[in-house]
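Let me give you the structure first, and then I'll get to my questions.
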Amino acid sequence: MKKKETIVGTIDREVLAFTAGRDVILDRVLVEADCIGTAAHVRTLAGMALPAPILAGDEARAVIRELVGIVKLARRGKFRITERDQDVHLAVERRLTERLGDLGKKVHTGRSRNDQVAVDLRLYAKEAVLGIFEACAALTEELTRFGRRHARVPMVGRTHLQPAMPTSVGVWATAHAESLLDDLVILRAAYDINDRCPLGSAAGYGVPLPLDRRLTADLLGFRDPIHNVTYASNARGKCEAAVLNALAQLMLTLSRLAEDLILYSMPEFGYFRLPAELCTGSSIMPQKKNPDVLELVRAKAARVLADASAVSGIIKALAGGYNRDLQETKEPFLAGLETTRASLAIMAQLVASLGLDRDALRRGFTPPVFATDRALELVAAGMPFRDAYNHVREHLEELDAADPAEAVKAKTHLGASAGLDFGYFRGRTGAVKRFVKAERSRYYARVSKLLGVRYPAVEAAE
Amino acid sequence: MKKKETIVGTIDREVLAFTAGRDVILDRVLVEADCIGTAAHVRTLAGMALPAPILAGDEARAVIRELVGIVKLARRGKFRITERDQDVHLAVERRLTERLGDLGKKVHTGRSRNDQVAVDLRLYAKEAVLGIFEACAALTEELTRFGRRHARVPMVGRTHLQPAMPTSVGVWATAHAESLLDDLVILRAAYDINDRCPLGSAAGYGVPLPLDRRLTADLLGFRDPIHNVTYASNARGKCEAAVLNALAQLMLTLSRLAEDLILYSMPEFGYFRLPAELCTGSSIMPQKKNPDVLELVRAKAARVLADASAVSGIIKALAGGYNRDLQETKEPFLAGLETTRASLAIMAQLVASLGLDRDALRRGFTPPVFATDRALELVAAGMPFRDAYNHVREHLEELDAADPAEAVKAKTHLGASAGLDFGYFRGRTGAVKRFVKAERSRYYARVSKLLGVRYPAVEAAE
Amino acid sequence: MKKKETIVGTIDREVLAFTAGRDVILDRVLVEADCIGTAAHVRTLAGMALPAPILAGDEARAVIRELVGIVKLARRGKFRITERDQDVHLAVERRLTERLGDLGKKVHTGRSRNDQVAVDLRLYAKEAVLGIFEACAALTEELTRFGRRHARVPMVGRTHLQPAMPTSVGVWATAHAESLLDDLVILRAAYDINDRCPLGSAAGYGVPLPLDRRLTADLLGFRDPIHNVTYASNARGKCEAAVLNALAQLMLTLSRLAEDLILYSMPEFGYFRLPAELCTGSSIMPQKKNPDVLELVRAKAARVLADASAVSGIIKALAGGYNRDLQETKEPFLAGLETTRASLAIMAQLVASLGLDRDALRRGFTPPVFATDRALELVAAGMPFRDAYNHVREHLEELDAADPAEAVKAKTHLGASAGLDFGYFRGRTGAVKRFVKAERSRYYARVSKLLGVRYPAVEAAE
Amino acid sequence: MKKKETIVGTIDREVLAFTAGRDVILDRVLVEADCIGTAAHVRTLAGMALPAPILAGDEARAVIRELVGIVKLARRGKFRITERDQDVHLAVERRLTERLGDLGKKVHTGRSRNDQVAVDLRLYAKEAVLGIFEACAALTEELTRFGRRHARVPMVGRTHLQPAMPTSVGVWATAHAESLLDDLVILRAAYDINDRCPLGSAAGYGVPLPLDRRLTADLLGFRDPIHNVTYASNARGKCEAAVLNALAQLMLTLSRLAEDLILYSMPEFGYFRLPAELCTGSSIMPQKKNPDVLELVRAKAARVLADASAVSGIIKALAGGYNRDLQETKEPFLAGLETTRASLAIMAQLVASLGLDRDALRRGFTPPVFATDRALELVAAGMPFRDAYNHVREHLEELDAADPAEAVKAKTHLGASAGLDFGYFRGRTGAVKRFVKAERSRYYARVSKLLGVRYPAVEAAE
């Protein structure tokens, strides 16, 4: 560490600020992951078959006890990463050395900050992504509930934003739910890619020590180690891009839900009533009730797209092996995860209290909206489509008396206004929730065993 | 159709050019998909339980025969989409009407161009994405083969592009292979999202006809129908974005492989020899042998990223229901698919003939490259890491005699230079190839049954 | 050339297709620029002070006569770029050699395809950008005219899309006009960057010949030569990015104008009536009148943003000197120019026939819209703002009788509903038109002199 | 304000956190601009010709004195923006009201937070952009100095990264300088767009008060007011995009300079020696000297591109009038400004201490590098180009003895190795510096007069 200090000492302020960047702040969220990753590394070191073991079993246990101590400190806001530490990794190592002397200095054996930060980010991302699955399931649940509650409330379906055909609030709400559920298919793939352990790859070329990389992966609850050590290094940024692209898809869905709600809560439509506690007023206009939350969600979709684009731009054509460019992927990655989680959570809250005005919805129905349905009824009764189409077009005035509720009932096929299967949405949502639960308990079990305390509580194991 | 002609007649040239855009050209690749999708729709219409069937069974068969005829015409380059047709859908409908009269006019019953173009693109994308899986497997195979052939040839591993530690050509090559295989995890999720049938959703609100949407999906070999009819419409663009994001990840991996090859085939390194037939000369400099293919692949990564970004930008905050904006997703989607396929194919060809200069690779080894290995050897023999580290740093001159081949042998753990499991790469590649084969034969079997001819040959079924 | 043929002969089809890419098609629009650039190069060669002139004066004239012939051929659609030519440069050189023998072979002396394509693109872009200035001026003119015609027609001003305060159609229309005029400030800077001549830089390192690069620049009507020869090469892509970013800003403005028009022509508002010839119907819904053109403009904004992003992505971190990556900037560059021009043109056409419904606009006024104005009237009469604000809020019901026309008249300060200076908009638009005219006539005068024919007519000079 | 507190009180934590976002932190840098903008608004209010003036002259002076006090507090780090304030605007207003009672409550008359934040950002950006001009001029100065110092040191010019033709370090260095100077042409346009005053537009629709918007603009040193009040509102985000696009161009140039330096300081080339204080070591590899700063600059180019892309994505197709989406443009805007400034500053520092190894540069010259020069020498002596070309190609071995220094001398035309005009670069750099100085002193003079203290010192005016 001493040399590090000297080096840091010779770097002038601007250079240090430029290179350490915002890591001192960003890394705060990585303390726990760094401790867990270090615990697994220490156990792996202690388990190596060498003539003179690098770390004895009780030494490993002592280190892990200190790591648990750091986790506790951090949760109380008492663990600091100083400018001199530069990052979480050196802050943890400094603490271990302060507390354990030479033993602390052995911890970094066979490890580089390259694989250390990679594993930290993957552990952090695992929990963050599971949280996003959960928040997303909460939103699909609310949308399904809202859709079911107003399943057959007629609503004008639009194309090109112009009134087109009768539909229902149920179809509108579950369309967004199904979109989110599809987005989770991509997020699941990104989760799987993230769920592999880079530890043991060191600086990207491995080490001449018999590290048992499968053991490390297993201790941390990863599905597998990344195989190739250089890929373990090259995967940094790439894994982040995979996750961010999936998050961007979720945000795009939210932006479209937000757009629908902004439009249809304008007084000229009045279909939906936004919950007052989620709107804001104006300092200059007393009458205003603004859909700020929805507008922010809409804008944040562009932010997360940009987060993804930053990471992809950084790794494009980057030569193999670790390059410092990768440090710049950390901020957009953490930002994208948090933005998406918060957006999903607030949208669930909003949909849960969303109001609806049946009369306003019904006022949207003008006769031409029934034109296509009428033509197809004639077709169903035997008239050739083109004749039916022309007939209706020439008698648009006869459509006046049509009843939206009847139109809603008439579309009985799969996924239409009278053909929705709410069980389908509940089923897919339920599967997501079970997945989150299973993954979490598997992960917590491993970490609990590794740290010797109940995790995530960090209390003495029984 | 007549009315369509009149409408087109009243639109002035600039407007027509602006709205029809490049569809007349782009849609050429969709003819086959449009015919197949139409065949399934016709079969579904014929199968509806209605007092007066819209289409009799033999009528459906007659239509399908004509559709097969169109496929054959198209393959001979004889099926034209005219400016007046505007797009493939109207071109096919025009042909059916010319040949079958009133029967042709019934085909569009219960269908809108919205769900028609959506199903066309999904059928097209299914085959295109399978082709990309295949091309990618070919490349991972070549990389694995190259890596295995030169498994233990020493190569300088770099971080920050500076010489860092000993590694091997085997590690270098399979790092890129593993990256591609991970990219396919995302592509598989995109494939699954694409593998659902939007037909029957019509303009996004269904129709008052008892269409059996599960049957349609089944006839076309889709895993499922999209459930919600409005989501079937909203999913346009979104499905494209999912695929393009996955392709962009593949292209990013290729851009990094290309970068490595461009660098290490410079005369100052000379590690790799690019196959002459994949290089180009200069009209002004006779000595030049330029890695144009690699440079183009590198640049095309930015192109595919931009294709993905165009589609995401289009659908961001787009109100629900069909909007004409979606037409603009077609060109980047088709472009991204073709660019990625072609890039993978040419990279496989390049790696297959890639040469290597062992002497040049060995010249890259300077003593400091062995520093870390040496320190860790001392650690393995019992010396504390920090002491070993300092010892080596103070005796860098003693490292001179180190043998790269020994260094390569010394890293025995998983995924390092002496710990590569080539079977792992072959296994994952094999799984990809089996997936492609199974999906294709399932799809072709369905289409063959639907069209009544052997597909893709389009020959009389036995 | 022979060797070129042989080289091409040995490249297999996929490689040729991959490297030549779409140049054979894209380059069609560059024929004229290539001929003009070549003419200037030939004149410069002929003017060099050398013991043995490379090209005699009459030889240069002979070459230029052939170049004029190629321009004429191209305008009749008779000049072909074959697959074997690969690009416009070799196609022109081939033609010259076919017609002039050895003289044709001298033309490329002291030039590389690098500076040749760079100058072609700059000449092409100069005219294209001037066309965009012109199309933009036409649109700001129409917006100003529309704004003036309906200057004091009351319209509800919105924030957060919610009704906020009274405004006028005049303010609405000229807001978009001023936005476009500001966009042209950026486009002008991009035009200036483009307006410098790269010729004479050859492959990016100059040549050991006394080329008079200022003369070349002057012959072509460029403001200046690019000074540094390597920058002349590095500027490729960069100049394109500058132009595309400016175009993207224009498209963003158009996307917002389009959004306003799509919204406020929905039947629920009915403020604007889109010209029928710019709307399209539906094949399934007879009642539909869809704002396709506006939707496409909205989407094309995302396309041009992606074009810009592709180019920036390509040149990011690209090592200096020509790299083949740059070829991939050509397609997005040409696409962005054409998309923007066409979008501006069709929007001008649309605004020129845009209808307006005064009653519908007036119906949008609900009492709360007047709240702020009323409060400020009280303030103007002496009441403290906060008291006035509270007073109005507690008496919202008294606002009923407010007259929108009066509210429009009451805002007299600069740029508000009664403070618009239409002369301001006409003045800025006029300046743009004069700029286009002056630049064009300067350019055409130079080219006419260079080619010895009246340009752009390409008729014999008097 | 009270109501605001209540509103805030009823919003739950997640909603408040979501809507106020990071403004509480981000707005710290806007305190000064907010005070200056408010001072101008107050002066304008006091100057209005109304029967009962809203603010008397001495009241305006009292407010301005308090604003100066806030500026001083902020500079000592003592002015806090609390969560309850939400943003800088309410924090300043709260302070004024605390100190001045009712007078503080009048300040917001005729103003909305919409035009307030817009003017704050433009004032902040004006200074930030001038700082970037200055930092950029410092870098072009260093590059020109470096280029001049090593003007004729031979260096291999490359195309496709392959050795191509002789060039010089002078050409290499000034190529990057000229690129930066061109980037400033775009930045200047963005500066001009930013240099217009939105104040007085209130919520985007003006107010029924006779505000003298030209006076306000003049007090703040803006070139002009924005004319149309709605455009003043719509311009938010757009102005940011213009600036960020210009910054992205600068960053792209830096990324390419960084790439060149990373490559050519690899030991295999060794052309350049990076200053030790700008490199970092490795905790695991004692021999490492890594170009971290350059790698970070390279990556930060992608970050700033993403900042620009976020803003463009947010405003794409945004309906007119203020939308809360715009709040999300603040963070990428501030980030892009700071990233670019810091990157330019550190690159200037790096180039100022950049070392060079003439021998290593000379080792790069292999005979084929002289091929083209030799052919053109023959051409200059009278041989037809094609013959010369073939002759050289067949006698490549004769090129051995060529002297790089002679090759450098032989290229005498404008911008080549012996034709560089360093005065050109000094001249353009000097113009930039004069521009910065003039703009700053004009701005500071206005602010000094407005605040009644010497600015930026904020000391009592003499």
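Letters A, B, C and D mark the chains as written, and numbering starts fresh at 1 in each.
Everything below uses one rule, namely that a contact is a pair of C-beta atoms (placed from the backbone, for glycine too) under 8 Å apart; a residue touches a chain by one contact, two chains touch by 3 or more.
Note that this is a predicted model, so its numbers are computed, not measured.
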B-D against B-C, pair bridged by the larger set of C-beta contacts: B-C
Centroid-based (C-alpha) most distant chain relative to chain B: D
Rounded Å distance, chain C centre to chain D centre (Cα mean): 25
Centre-of-Cα separation between chain D and chain B, whole angstrom: 39
Approximate Å spacing (C-alpha centroids) for the pair chain B, chain C: 33
Touching two or more other chains - residues of chain A: 108, 159-161, 164-165, 203, 263, 282, 284-285, 290-292, 295, 298, 301-302, 305, 309, 312-313, 316-317, 323-324, 372
In the complex, chain C residues that touch chain A: 159-165, 262-263, 266-269, 282, 284-292, 295, 309, 313, 316-317, 364, 366, 368-369, 371-372, 389, 392-393, 396
Chain A - residues contacting chain B, complex: 50-52, 54, 102, 105-106, 108-110, 114, 157-161, 164-167, 171-172, 174-179, 182, 185-186, 188-190, 192-193, 200-201, 203-214, 225-235, 238, 241-242, 245, 248-249, 252-253, 255-256, 258-260, 263, 298, 301-302, 305, 309, 312-313, 315-324, 372-373, 376-377, 379-382, 384-386, 407, 410-417, 419-421, 424-425
Partner chain B, residues of chain C touching it in the complex: 3-4, 7, 10-12, 14-15, 17-19, 21, 108, 111-113, 202-203, 277-278, 280-285, 290-293, 295-296, 298-303, 305-307, 309-314, 316, 323-329, 332, 342, 345-346, 349
